[in-house]
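Across the two complexes that follow, chain A remains constant while its partner is chain B and subsequently chain C.
Entry: the complex of A and B
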């Protein structure tokens, strides 16, 4: 059991508000990913859970217990840092053992735990080495082992894969998912990489400027965003967002929801445009199409359209999202929905 | 691949040899003079090797005064300073580098001021203070004023500042208290710097002449430097071979310390950052 609850968490550095009255529940056993642009407060929130960067006001609960005032070591959480924070003067084994020793775990119990964890993480043969001689991936594993050996209620991870090369990052991603399935512990994972968020998270918390924009499963975040920020932050290329002429309300559609045809098709939204650029990426092709002064990105499995040619684009009605003047979603059950849709 | 011999490499080699001779020659001269007879030591042209090694010179030095006591005093003062400096410098540097507290900038400024004020400005008032505390007949006036090493605090603080905060945070999550963080994480990482600071400090204290000259008011608290200086008076006017033999006795401990730690010192000065 490890459920985290934030109540009215606010964090200020001087006059600057980093987190603004955050209320949030993180479910037990979830792989919760906090994502957002840099400076959005995601790492600050993580550090508040760990107790290494206390909140200005508000409370944090772990399993219903108020941990707001507890020192980091008494919170039963473990953290993996972006730069791994491995003690460079200790051997790998000493690194893993340090916390156990401080917690007065008996020696044979320590040996057993280290043996077990280093087997799981695959660093058994590295135990006597110094961190300076290890690769980034190996250091990453040590940081993981050091966190795991404490059998914490919650794993906190602060962009743990961002210092790895692309290939290693993909394989570590899979390993972390497996690890989560195996341990069934609550993971709270901070990243700015939407691929990591979408692929690993069971819940995503999208933040911007100290405020939670949306908290949902990856597919809800992608298919049914609450607001313009969420719609544009997740997805690559990002969602096409266009204004209604002379209005503040906007509509948007994802690049892969557009159909390209040589003749006008039977779609709710049809326009004739001109292909300005074409990027062939292998399995898919990205076209940039310009029409009525707008420029949109289109992701297509079809490679048959040529640059500098005219083309018809078509989007189905459910694939068009509306955003009001405050950048909030206008959903189909909203009274304004049909009124705006009819203007397209 | 054989290194190519170029004009530059020859010039560079010769320059290094010349520099080395310039630095080593006074040592060499001191040592061989210490083994000469009086006649040889003042002979002209000088000889570069004594006709016979005069070990008696060293015996004479040793017998001309309580040199065992002087040596003990020198060690007591140097090691006393070292211990006190260590005890003060390490926590001070840690606090200045990693802790937030009111007046941190001000107090660090004070340390820097202490670093810049020369001893010659403060010795009269310190002497006065020691005299009023009735310490003049002890070794304390030679130790206490050097208990805080401002330069060392500065250097070690710079070193500690380079250690990423995440390491400390990680240690806090590992249930380490501040003392454990200092001894298990910070100190091992600052060791090369610390060793060289303490070594330089040992050499400075051991070689110090001015300070004990002011503070040592009885022969019982003389360090070796004052003892060697006294050789001039005991042995009449300049018996160079005796004075040089005394100097050899004086520098031997330093050379031993340097021989043990020289790699550390070089590394500390080449130490630019922590990966």
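Entry: the complex of A and C
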């Protein structure tokens, strides 16, 4: 169990700033997911915790201890790499055992640990195999076992599910959540997949261009974004964002918060539009509706509306989010809130 | 339609004579080529090793007399010992020094790339062309190597001119020629080892030596095995350095197998039968050694 604290972490590759003065706390025992578009610095931040890609400046603390200068092996962290980084020339058992041997763990203790962990991860019958003969899912488990056997304070995972097929990814997701519940250790998990982030994380850190956009629980990230980037990054289809006419301030609403009606309804925001496309996805239907030169996506449980027909869209007031000219959120307690809302 | 009825009308697995012969017809040109230019010369060599011949008159059958003769001669037995000595040093030192260099220069910086390129140069230069340079470097009076030795307060050596140091001189030149090439190949192999393996090893508390023996070496073992085989067979066939630098001398200090063969065939009264017999011995030695390598090492070579 451990909490991680970043103080003024900056990372540069040459002149290129990858991480810009990051200050952040990762709670003890949390399942923290770092998410963002590629190149946002999330993996770099993870590698800084591991010590395999040191920061240019700033400090990292683990349980209050400054680990900024410690070598990776002395940090009490374990990592699962994106391509697993399993040693291909060693058997499964040797892979798991390698770190223990290097740490001079006695043989019977090693045997006990390997037995225990391989039981949990379900790779008992694979111990004498070479990794080359194993499937992606099995390798994933070995990488997990290799990390778990060290009983680290922190698990670092760098897109561990991205090399698995869709079905396996979903079941591994559940297993990782269970694993976290069982171990109660701090997990730091990097992904670019918002479904993974939302479903697994107890905390989400959303990053873009080396800056943390928002750090919150999944539901806060989704319901109450701090800024336009967060609002648009999470959610599929993404949030509809429209400008106020001739202004830099914008307003947005999520596709599923729109009500479609054939007659104008009693909503704070009502417009008449024209259905351009319709995608029937089973339980829900995605409509693209055009009005006043705007095009919005609408996710509805109702599939009775037809393409090329007119329709009324309605959104309730709390479901409309405002963003100022710097793309920051204007919340209801802001003095400008009512002023802009009244323009709708 | 016709093929369909045909295939229905005959039992499964039945093949017409043409269908049976077809694969062999396809590889026939390659087989003829191999037979004519590889298998036949080797068989011819073996046959001629049992004959007495002077390149001019018709050969006569002498049984194992050629073998009997060469094995009774001290020069031949010495040549075998010298060849093995040479091979041990050139292969052993050559591969280990190259590996050290490859690891040392494995970061792709300007200086490292330049160094590797410069190290590779001896491989592209014909040895004959640099013989004069080495003759000067190893000159017993004012050569570069002796200057270096003297600078450190060590006595001069006679290098290729002394029976004690001639073999060492030849080995040095051979290493000079081979190391750049080996380093290049090993360097390329090391570049292909995924970086994450080393990062994982860092997290697993592996030190540099462990990382080398547990990760780098197993990962580059296929290339190392290939280099080991080519370097060994190459060393057993050493000729040009000996021909240029020492002519097998002083005395018989650097007499090696191929130089012995060359002398029997072309220098000493055309004793071609002895040369052929020695060639067969050389072939068998290389063959046995390669088989032993495969037997002992192939389990430790890791193919992806």
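Here are some notes:
Everything below uses one rule, namely that the second predicted complex is superposed on the first by the 343 of 344 C-alpha atoms of A that agree within 3 Å, B and C clash if a C-alpha of one lies under 4 Å from a C-alpha of the other, contacts with A are read in each partner's own complex, and residues count from 1 in each chain.
Rule of thumb we're sticking to: contacts are C-beta pairs under 8 Å (C-beta built on N, C-alpha and C of every residue); 3 or more make two chains touch, one makes a residue touch a chain.
Model, not experiment: these values are computed from the prediction.
Superposition model on chain A: chain B and chain C are shown in a clashing arrangement.
In the superposition on chain A, A:87 makes contact with both chain B and chain C. Once the two complexes are laid over each other on the shared chain, residue contacts for A:132 go to chain B and to chain C alike.
Contact with neither chain B nor chain C is seen for A:276 once the two complexes are overlaid on the shared chain. Touching of chain A by both chain B and chain C, each in its own complex, is seen for residues 50, 52, 71-73, 77-79, 81-83, 85, 87-90, 98-99, 102-103, 132, 146.
Interface residues of chain A facing chain B in the complex, by the touch rule stated above, are 50, 52, 71-73, 77-79, 81-83, 85, 87-90, 98-99, 102-103, 132, 146, 150.
Interface residues of chain B facing chain A in the complex, by the touch rule stated above, are 164, 166-167, 169-176, 180, 184-185, 188-189, 191, 274-275.
Interface residues of chain C, counted against chain A in their complex, comprise 194, 196-197, 199-207, 210, 214-215, 218-219, 221, 302, 304. Residues 50-52, 71-74, 77-79, 81-83, 85-90, 98-99, 102-103, 132, 146 of chain A are the ones touching chain C in the complex.
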